[in-house]
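Each of the next two complexes has subunit A plus one more chain, namely subunit B in the first and subunit C in the second.
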Partner chain A sequence: MFCEKAMELIRELHRAPEGQLPAFNEDGLRQVLEEMKALYEQNQSDVNEAKSAGRGDLIPTIKFRHCSLLRNRRCTVAYLYDRLLRIRALRWEYGSVLPNALRFHMSAEEVEWFNHYKKSLATYMRSLGGDEGLDITQDMKPPKSLYIEHFLPRWKCEQLIRQGVLEHVLP
Partner chain B sequence: MSEAYFRVESGALGPEENFLSLDDILMSHEKLPVRTEIPIPRLGAFFQERSGGAETDHAIPQGSKLELPLWLAKGLFDNKRRMLSVELPKIYQEGWRTVFSADANVVDLHKMGPHFYGFGSQLLHFDSPENTDISQSLLQTFIGRFRRIMDSSQNAYNEDTSALVARLDEMERGLFQTGQKGLNDFQCWERGQASQITASSLVQNYKKRKFTDMEN
Partner chain C sequence: MTEELDLSGHNSDAGSEEVVLTPAELIERLEQAWLNEKFAPELLESRSEIVECVMEQLDHMEDNLRRAKKGDLKVSIHRMEMERIRYVLSSYLRCRLMKIEKFFPHILEKEKTRPEGEPSSLSPEEFAFVKEYMANTETYLKNVALKHMPPNLQKVDLLRSVPKPDLDSYVFLRVRERQENILVEPEIDDQRDYVIDLEEGSQHLIRYKTIAPLVASGAVQLI
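And then the complex of A and B:
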């Protein structure tokens, strides 16, 4: 059956515990695109034959390959889109500088997308809250007070706690 | 679970699957029994035992009984059944429907699916005369099982839930998980930890992995 490689890509992503970004499967994607090219060319050829040699019986075959092309396209787009959703989540959970281990899992285009997203978010945040702007990636949990033990102001700590550098000890 | 990752949800219980939903793509990969109504040339290689030889142009013969994935069956089906006719998988037929109506809770829907409800809902596209009975059966089966799923998800705190979810289909597992999240969030709030900032779970998972990488 066609589209087996495409299903592998989908399963790989589905298996990754929610939110985690597996390495970009460049090889797998390339194989899916190659299969699509082969299907398309076979169909082009069969369509010509159906028309010129009166082979109307080839129409079910053409339809079969066409469905497979659509399926490969769906899997490819869903794969790329779901990865972008995970990469977007990274900005909110890791901050704007990603550890190298994560960046190596992204394709060049995905890194570019992340940079664009970062920029859009920064522009938006600057436009809020008057002169200084408003960091909406802070205060993800409702605060009880403005200070934390050891008297570090809360707004300085939140990023560092989320990144696992500090631990929040409640009184 | 990452709090900022919002995956595309399944649409399978509604009129159409969601194009971008990984769950729906996996669901539509499941197979169903079909019958070819005309020969399909040049694709015999996929079903070698039935394939015609060169004289048929390596066709899948007319009248072949095959198992095709849902996505393909949907694509090739039309209401005149010119290319394909579709048979209902056993679990959606009358025999099993009777079992479900007797006691929906005993059945292992994971083994039967694992996308029992989603796949069953999308089956309605094939205009079977049994469609009304199938949809009723899906609904009543869910109603019969829902109470237990809800109760167990709200009472299993900090324990191994694998036995509880073993016989649930994918949609029910999602429901169970949602219930568990609600329970955990509530417990956290009761302990006064709702305002405690914690390391993002994503970060924690990556740290755990890095540690085991170092150990290897």
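And then the complex of A and C:
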């Protein structure tokens, strides 16, 4: 049945719990695009038939293929866009250097999108005033206490703690 | 700290208003803007003047702390205050950025069609950011998928694909200035319009759309 592959892409993301990024399904995407090409060509030829030979009976099939094309497109764009949202969330969770495990799950174009996003965000944060602007990816939680062991001020360490580099040890 | 801060209304239609606030009043304004932004379903008017003044305030406090005696108890307390203010400011700006990214085509469209004199919901920096976000995302979708699709399907209208903010969602609010004759539209067909008065100090749970202008004017505070 048409759109099976497209539905599979959606299911893949649906199965991955919130925030997790499965590997980019390049093969799946290619198959959906191929199906779209085939559907379109079949429709083109049927439209010509319908017009030149008055084959009105072909019209329901043409409409059906068109719906399948729209569905394929919708699923594809949803798949790609949802992945971008997950990737965007990674910048906020892990900082501007992504763990290798995650990067291997991203396509080259996704990495490029991520780099542009990082850059835009950095430009925006720098523009917030003062010498270096304000890093709003810090201070994600309301402050409770000031210092952690080794006397490093908390606000310098958050991202490192999240990345697992440092551990917050309570006295 | 009794210095007063200048808060000029940049986007004010009626000429530049100079409102002089104490630091405490400034932080109160920041907290109000923060809560409103947190609970409103749509992106609210940009308050760059508050952001700028708070950033200046934080710089002042940092300077004062550097000059203070080490180990002075006041230092810890001021540090905590700075952390708190920085948290609220960051949270406020994050909240805005998240809404901007979530509703980006609608926000850009609104900005493009904004009538002259109406204040913007975007600061100039946020505007630059969202334009880049749009371009980045559109280019990505085009290169990875759309340009490989049949010619009549290559254009996707993001205004139709990306959901709009739900202005019918319910919000809690507290009334700051008494309002009379607020028209409440029915939710379902067999209800009729009715009119309510909002008493100062009262709290309500109401559809955002009904009171949106009152949030903008400061007559109500979302909680």
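Simple rule for what comes next: the second predicted complex is superposed on the first by the 166 of 171 C-alpha atoms of A that agree within 3 Å, B and C clash if a C-alpha of one lies under 4 Å from a C-alpha of the other, contacts with A are read in each partner's own complex, and residues count from 1 in each chain.
Keep this in mind: a contact is a pair of C-beta atoms (placed from the backbone, for glycine too) under 8 Å apart; a residue touches a chain by one contact, two chains touch by 3 or more.
Small disclaimer: the values here were computed from a predicted structure and weren't measured.
In the three-chain model built by superposing on subunit A, subunit B and subunit C fit together without any clash.
In the superposition on chain A, contact of A:Arg88 is made with both subunit B and subunit C.
Applying the stated contact rule after C-alpha superposition, one finds that A:His116 touches subunit C and leaves subunit B untouched.
Contacts of A:Thr76 after superposition on the shared chain: subunit C is touched, whereas subunit B is not. Touch counts on subunit A: comparing subunit C and subunit B, the chain ahead is B.
Using the contact criterion defined above for the overlaid structures, shared-chain residue A:Leu29 touches subunit C, although it does not reach subunit B. By the document's definition of touching, of the two partners only subunit B reaches A:Ile10; subunit C does not.
In the superposed three-chain arrangement, the CA centre of subunit A forms the vertex of an angle with the CA centres of subunit B and subunit C, and that angle is 90 degrees when rounded to a multiple of 10.
Of the two partner chains placed by the overlay, only subunit B lies in contact with A:Gln20; subunit C stays clear of it.
Touch criterion met: A:Ile136 reaches subunit C, while subunit B stays clear of it. In the superposed model, A:Ala38 makes contact with neither subunit B nor subunit C. Superposition on chain A leaves subunit B and subunit C with their closest Cα atoms 5 Å from each other. Overlaid on A, the two complexes show subunit B and subunit C touching the same residues of subunit A, namely 70, 77, 81, 88, 140-143. The touching residues of subunit A, counted against subunit C in their complex, run 29, 33, 36-37, 40, 69-70, 73, 76-77, 80-81, 84, 88, 107, 109-110, 112-113, 116-117, 120-121, 123-124, 127-130, 134-136, 138-143, 146, 154-155. Subunit A makes touch with subunit B in their complex at residues 1, 7, 10-11, 13-14, 17-20, 46, 57-58, 60-61, 63-64, 66-68, 70-71, 74-75, 77-78, 81-82, 85-86, 88-94, 99, 101-102, 140-144, 157-158, 161-164, 167-168, 170. Chain contact summary for the complex, subunit C toward subunit A: residues 51-52, 55-56, 58-59, 76, 79-80, 83-84, 86-87, 89-91, 93-94, 97, 101, 125-126, 128-129, 132-133, 136-137, 140-141, 143-146, 148-150, 153, 156, 161. Contact residues of subunit B toward subunit A in the complex are 1-8, 19-23, 25-26, 29, 38-43, 46, 69, 71-72, 75-76, 83, 192-207, 210.
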